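Across the two complexes that follow, chain A remains constant while its partner is chain B and subsequently chain C.
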Partner chain A sequence: MGKSYNTIAFDANKCDGCGDCMTACATAKVGVGDTARSRIQIVGSADDGFELALCRQCGDPKCVMVCPAGALTKNFDTGVIEWNDAKCVDCLLCTVGCSYAGIALDAGSGHVAKCDTCDGAPACVPACPHDALTYVTTSRIYNEVGDWEDLFAPGLAGCQGCNTELLMRHTLRRVGPETVLATPPGCVPGMGSVGFNGSTGTKVPVFHPLLTNTAAMLAGIKRQYKRVGREVNALAIAGDGGASDVGFQSLSGAAERNEQILFMVVDNEGYMNTGMQRSSCTPYGAWTSTTPIGKGSGGMPSQGKTQDAKNLPLIMVNHRCEYVATASTAYMEDLYDKLDKAIQASKRGFAYLHVYSPCTTGWRFPTDQNMEVARKAVETNFVMLWEYNRTDGLRFTRPVDDPLPVTEYLRAMGRFRHLSPDQISHIQSKVVENLAFVQQMAHRQSA
Partner chain B sequence: MTTATLETPAQAKPAKQKVILCEGNEAAALGVALARPDMVAVYPITPQSSLVEHVAKLIADGKMDADIVDAEGEHSVLSVLQGGALAGARTYTATCGPGLAFMFEPYFRTSGMRLPIVMSIVTRDGITPQSVWGGHQDAMTVREVGWVQVYCETVQEVLDTTIMAFKIAEHHDVMLPVNVCLDGNYLSYGTSRVELPDQAEVDAFMGVKDVNWHVALDPHRPMAVDPLTGGSGGKGPSTFVRYRKGQCRGMQNSLRVIEEVHEEWAQRFGRSFAPLVEEYRLDGADYAIMTLGSMTGAAKDAIDEARDAGRRVGLIKIKTFSPFPVEALMKSLGKVQAVGVVDRSVGFRWNCGPMYQETMGVLYRLGRHVPSMSFIGGLAGADITVGHFHRVIEATEKLLSAPAPIEPVWLNEKD
Partner chain C sequence: MTEHTKYLVVGSSHAALEAVTAIRMHDAEGSLTLLTRDPHLPYSPTVLPYVVSGRSAPDGIFLRDEKFFADHRVTLKRGNALKALHAERNAAELADGSELAYDKILLATGASPAIPPIPGLDQVSYHVLRTLDDATKLNAAIKSSKQAVVLGAGLVGMHAAENLVKAGAKVTIVEMAKQLTDGYFDAIAAGLIEKAFTDNGATILTGSRVVKLAPSTIGATLTLENGSTLEADLLLVATGVRPNMDYLAGSPVEHDKGILVSDSMQTSVANVWSAGDCAQAKGFFTDDKVMNAILPDATEQGRIAGMAMAGDPGLKQYPGGVPLNTYHFFGRHAISVGSSRVPEGGEVVTRFDEASGRYLKAIFSADNRLTGIYGVNEFFDGGVMCQLILRRIDLSAIRERFVANPLAVGRELMSKTWR
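== the complex of A and B ==
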């Protein structure tokens, strides 16, 4: 398994083209503040903004490939592409090979020059007065857990573009092999995790509970292992239908008894595996196969679901669980952080993790848009990311101070295509109301 | 041995047995404690409630070392136990009536997963009409779901059978859940003298616990439990058939195992119960009446009186109702010329009692015409008295000389 590295990230929205970064770079590298000699270059963009010309320290570097002299090499410890002046023949082929203008002739030296990240402490980053540059560890998860064993077999059969498989693989590899996994009927077993006719898709003990009894069966399993002194994780990866509707009683009962279970709900807002029917987690106005669109009768058209979604994670907060959190696959670091806390909490009692998971097939959006839809849900506050424990109460983990209008989210999907202006304003007002409600809980509990 | 009588000579009785006075629900709880389950899950329902209260108190008093789960309903009660059994626990619960109905979804699955869970059914009539009193309608309604079901006649039999049920369920040739049925009101609250076996002797009888050798949810032995099975393609059809045939084989094996376990019980503890079918004064009888459960006591009194009055009548009691003891019953029915079957529940499809319906199948296999008729009594807590049984005897006797009525006789219709 490879490794990925820290990188200098650029936020064009914050850049005003002041050039302080270039001055800092040139000063650090050649001793004078001559911006022409800087290895980072801020250049005007076609839309009157600014762009970045800087070495990306590519994983598959074209400059290295085109160099005929072996003067450029990728250092796999630091990730930096290093230039060796003793080998360089000054042919400048590398400057043509790079798509990012990340390596260029430095007229002052007569050779090419490129960013070496100042050995991991780039001078340009602190020099920016607008925080447009950050030196970020975007690949922490990849580096930390990438080598851990994937406990699902390759080739699970999810729909194209579905992120539930991603979520399952991340979750189980994090929870680890000393786990009994329950996947009640739905997409998770539907893609083959439990298996068919004697073959299985999972490397840990796995089973189909009934749609109705996931939490109860896991409670029995966990209690018996506790009784015989064995540390075994009891993990559910369940759908929203089985958790919020027909399985809610056993979920609530297990939470009340504070059974030591990690219960993850993958909320795709309906019975997607059985053909996209409505659940109590389906949002207002959404088309589903049991809330279809039609002209209706008596002048009352059928315009999707007529009720608002049940807020299951808030209901779980009211069980005073050891830990409750909402998460999104568009924010994996946030999700991993919560997963770690949930695993720890499940050793003491009931831990509940509610992951919003857009459904390419059922929500009617292109298969390459899953993360974008998930992100828009958060950016509009349609979905809020927060966590709760009994000591610290509820707190937002990723507050959205300046939310986009909810239409930015709604128009990303076909399931809301039919919405009337009245329905859209209902949804927008519910977003505001729900946000205020959760904020109130957060304030009350932090007070 | 397919039949036994109470006259079976007992072995030398162990010295350590304590004698107490208790109701059937307490006897069941004491039996459970002696069988040492790891996990019990409970949810109260009349007339089962005092049973789980006794279990809870035994655990609270440290007289029983089990994890008790006060679940939020019967559906979860059985589901918790399924999880426990898959992790290696010996498990127990009790329910009845509406609780059993609510439990049906995991109930069906327990036998399919071959989990040796023991569950008492403190039998209660089915609703509606709304009723909280005894009757066999609850247990009869689920007789076709692959659980072994045995019915007790006395409080002592409740205690002894509860312990034996674990051994039957966990026998490697069976691996099926077992219902110990005790009549609501009549056995649940009926108080009797009971001999309490010694714990060490019960331990020796039970042997080594090994409940999840065949199916487990254990990281040390990772396997997928109950993946999708069946369909019309590939190895689906044959795989599904293999599961179902295995269940049916387990049911048939249980007939032999129930006999063996009862035999061993008699040898160790000196109390003998007919494991499948009991004959009472059947020798020399021209006709018989058939009973199930606690009604049998009054029926035996009636038989004694009838015999004294010169009627040539005997009694056949069913203890093991599921699997239906076809061979054993054929032997008993082979001795008589007519039979009247008394049920404590209703078979709606045939307009007769369920046990009568099953018996008709056995009579057909007998290959000889034996006139028969159905009696239904004791619904929703009603008593079936010695007087009722005299009516049963008289009506059955008439079958020897007159055509059998098609309609059942409702014993409490004019009570």
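== the complex of A and C ==
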């Protein structure tokens, strides 16, 4: 499998052109804060927005292609295109090869200069006072996970662009082959985990409990394995309906008994597999097939769901589980971190992982927009990423200090298209209220 | 039995190496042979001036090593030339008399120095610069040279002349054209280059022609058109190049100044492609086929040819050659991107600061597209300028700002348009 690399990411919306990154780069690289000598160049203006000229460390780099001296090489371990000053002959052909101004003449030295990511600790990133620059290190996960066996069958019958499939494949790779998997009715078995024609869709034992008894059955199976002396991961991947509505009784019971299982909820905010009916996790105002949009009855137009969503992960915190966390596939590092902790916790007791999982079909957004929708949910504080354990209490893992207005999230999909201004302000006020509530819990426990 | 290979790539320089990369991206297994008449591992002719000056070690310039060819399952045949192409039976006749059958062949044989037909030239010893062996010979010779003559003031000649000046020789450059670096840089830029050379003690005779050469005690005596003579203990002939395509004698592969190719580098004959300095392909500014013998174009053409040969569906047709040159002289830089010709209704904008020697010239078409940009001591991103030209980006609204600061404005346009 091809390697994936860390990269410097730029968020133009956050940049105000202060140039601190350039000063930091020039200082780190040539010892003086002359921004003209920085290898990261902020271009543009406050009117037009700022942009970046920076080496992209291309996979098939043209600068390397045209260098006559063999002075440029792509390091396939780090991904960085390295410049060898002993071989360079200052011909500048590389600057003609690069379409992105990623390698340019440094007049101060008379040689070309380019970003080398400061050996994996780029000086520009922490220098940005507005967090416009981030050093994305998620590649670590893909490099590691890429070598592990995918324990789901290829060619599942999920919708195109389904977030749940991504989540299943990552999760099973991580928990590994010594796993027994429970997948109650929902999208996960619907797309094939339980298999076709007498064979399973997974390469680990999988079973299909009822919506109501998933946690109870899985707990029993785990106990039986323990009794025969075999160490296995007991994992449930359940939908939000199966967990927060019909399956809640057995879920709550297993948590209260502190059963040694990992219960993952894929929250796509409805019964999507059976035709997109509402669940108690469906948010206020959302269209579903049972909370339709239309004339309504008795003079009351129907405008989507009229109740707010239940906050299931917070309820699980109140079971004082070994571990409870919320996560999103748009933040893979965070997700993996929590997955690791949840797996460890499930060896001691009940671990609960709640993953917000956008649904292209039920929420009605284009199939290529999954990550964007998932990211917007977090950036607007519509959902919050946090974790809880009994010792340290609750803490935000990706606090959003400067949230976008919730309309940025709502606008990204069809299920909220009909909302009236009143409904939108209701949702915005709920976001504020929920945030304050979780913040209070975080403060209380840290105090 | 004749040896057979699926892909035969002839040449081991930029065009050939990029074709190998492109073929292996799409076809990891098909048998691939790289045939080159050069005895060394692949290197670039462009780096040779630095071998001459001693800055680059001759064993430090190789672009690939044996391991690369082993890892990519490429059979490397060095020191054996293509002698005749028998396209009608898909076979290559080699200099050692053997024959190699192929499914597809790439002719990436580049160019060699063109030797002018001056009476007496064959009676004296002289240098040229195209191969590593040429460069090591010249490197040894400049150390003892006291008075050298360089024929031709193109980039190859100028580079060598600078090396000779720095090595302490008295150097005379003889050039037929009215200015030096003709075809690369305009008169003002050439004037700046000339001044740098004369300031450093070189003599430049433009508009001059050598009509006769004869051996002398120190080396050679050159007689110029005006009757005057020059003595040289070292003579370098750098009067241009001619493509290597003698092996096409009697072959149906169509050729003119070079080997004629389509926009996917295919020649007129099935299973035969050509790329680089030996190919004559479409120009970007004209539909005529032109010679654009520069390194970046050799790599691009090589890529396209390799993709076409391997049947890679990602192939994009050749947009046409854009002239690009960078030239480093006595610590200064000159860059040219695009055509020097002013299109009909177009306009030339220049700015020149005599004190700092900073010079910029930009050429725009009637509809405000950039068609060429030249700078001396004025750095801009050549690759960005090339994209502005290739994408025919409308600069009406920002032309003045662009000319004032092509570096910053070019980057701005880049980040808005193709980032």
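Definition applied: the second predicted complex is superposed on the first by the 322 of 447 C-alpha atoms of A that agree within 3 Å, B and C clash if a C-alpha of one lies under 4 Å from a C-alpha of the other, contacts with A are read in each partner's own complex, and residues count from 1 in each chain.
Basically, a contact is a pair of C-beta atoms (placed from the backbone, for glycine too) under 8 Å apart; a residue touches a chain by one contact, two chains touch by 3 or more.
Everything quoted here is computed from the prediction, not taken from an experiment.
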Notebook entry, point to check: Is A:Phe207 contacted by the first partner chain B, the second partner chain C, both or neither?
Noted result: first
Margin query: With both complexes superposed on chain A, which partner does A:Ile221 reach: first (chain B), second (chain C), both or neither?
Written below: first
Check: Which of the two partners, first being chain B and second being chain C, lies in contact with A:Glu178: first, second, both, or neither?
Finding: first
Notebook entry, point to check: In the superposed arrangement, which partner chain does A:Gly285 touch: chain B (first), chain C (second), both, or neither?
Noted result: neither
Next item on the list: Using the superposition on chain A described above, determine whether A:Phe196 touches chain B (first), chain C (second), both, or neither.
Entry: first
Check: Looking at the overlay, does A:Pro68 come into contact with chain B only (first), chain C only (second), both, or neither?
Finding: second
Check: With the two structures laid over each other on chain A, which partner does A:Glu51 touch: chain B (first), chain C (second), both, or neither?
Finding: second
Check: Which partner, chain B or chain C, is in contact with more residues of chain A?
Finding: B
Checklist line | Contacts of A:Pro403 with chain B and chain C, given as first, second, both or neither | finding: neither
Note to self: Between chain B and chain C, whom does A:Val96 touch in the aligned arrangement: first, second, both, or neither?
What the structure shows: second
Checklist line | Contact residues common to both interfaces of chain A (with chain B and with chain C) | finding: none
Item checked: Touching residues on chain A, where the partner in the complex is chain B -> 177-180, 189, 194-200, 202-210, 212-213, 215-225, 227-228, 232, 249-250, 252-254, 256-257
Notebook entry, point to check: Where on chain B does chain A make contact in their complex?
Noted result: 38-39, 41, 67, 69-73, 75-77, 79-89, 91, 105-106, 109, 216-219, 221-231, 234-236, 239
Margin query: Could you list, by residue number, the parts of chain A that touch chain C in their complex?
Written below: 41, 43-44, 48, 51-53, 62, 65-66, 68-70, 86-87, 89-93, 95-101, 104-105, 107, 110
Next item on the list: Sort out for me which residues of chain C touch chain A in the complex.
Entry: 14, 18, 44-47, 49-50, 55-56, 60-63, 295-296, 299, 303, 324, 326, 328, 331, 333, 335, 337, 379, 381-384, 386-387, 408, 410-412, 414-416, 418-419
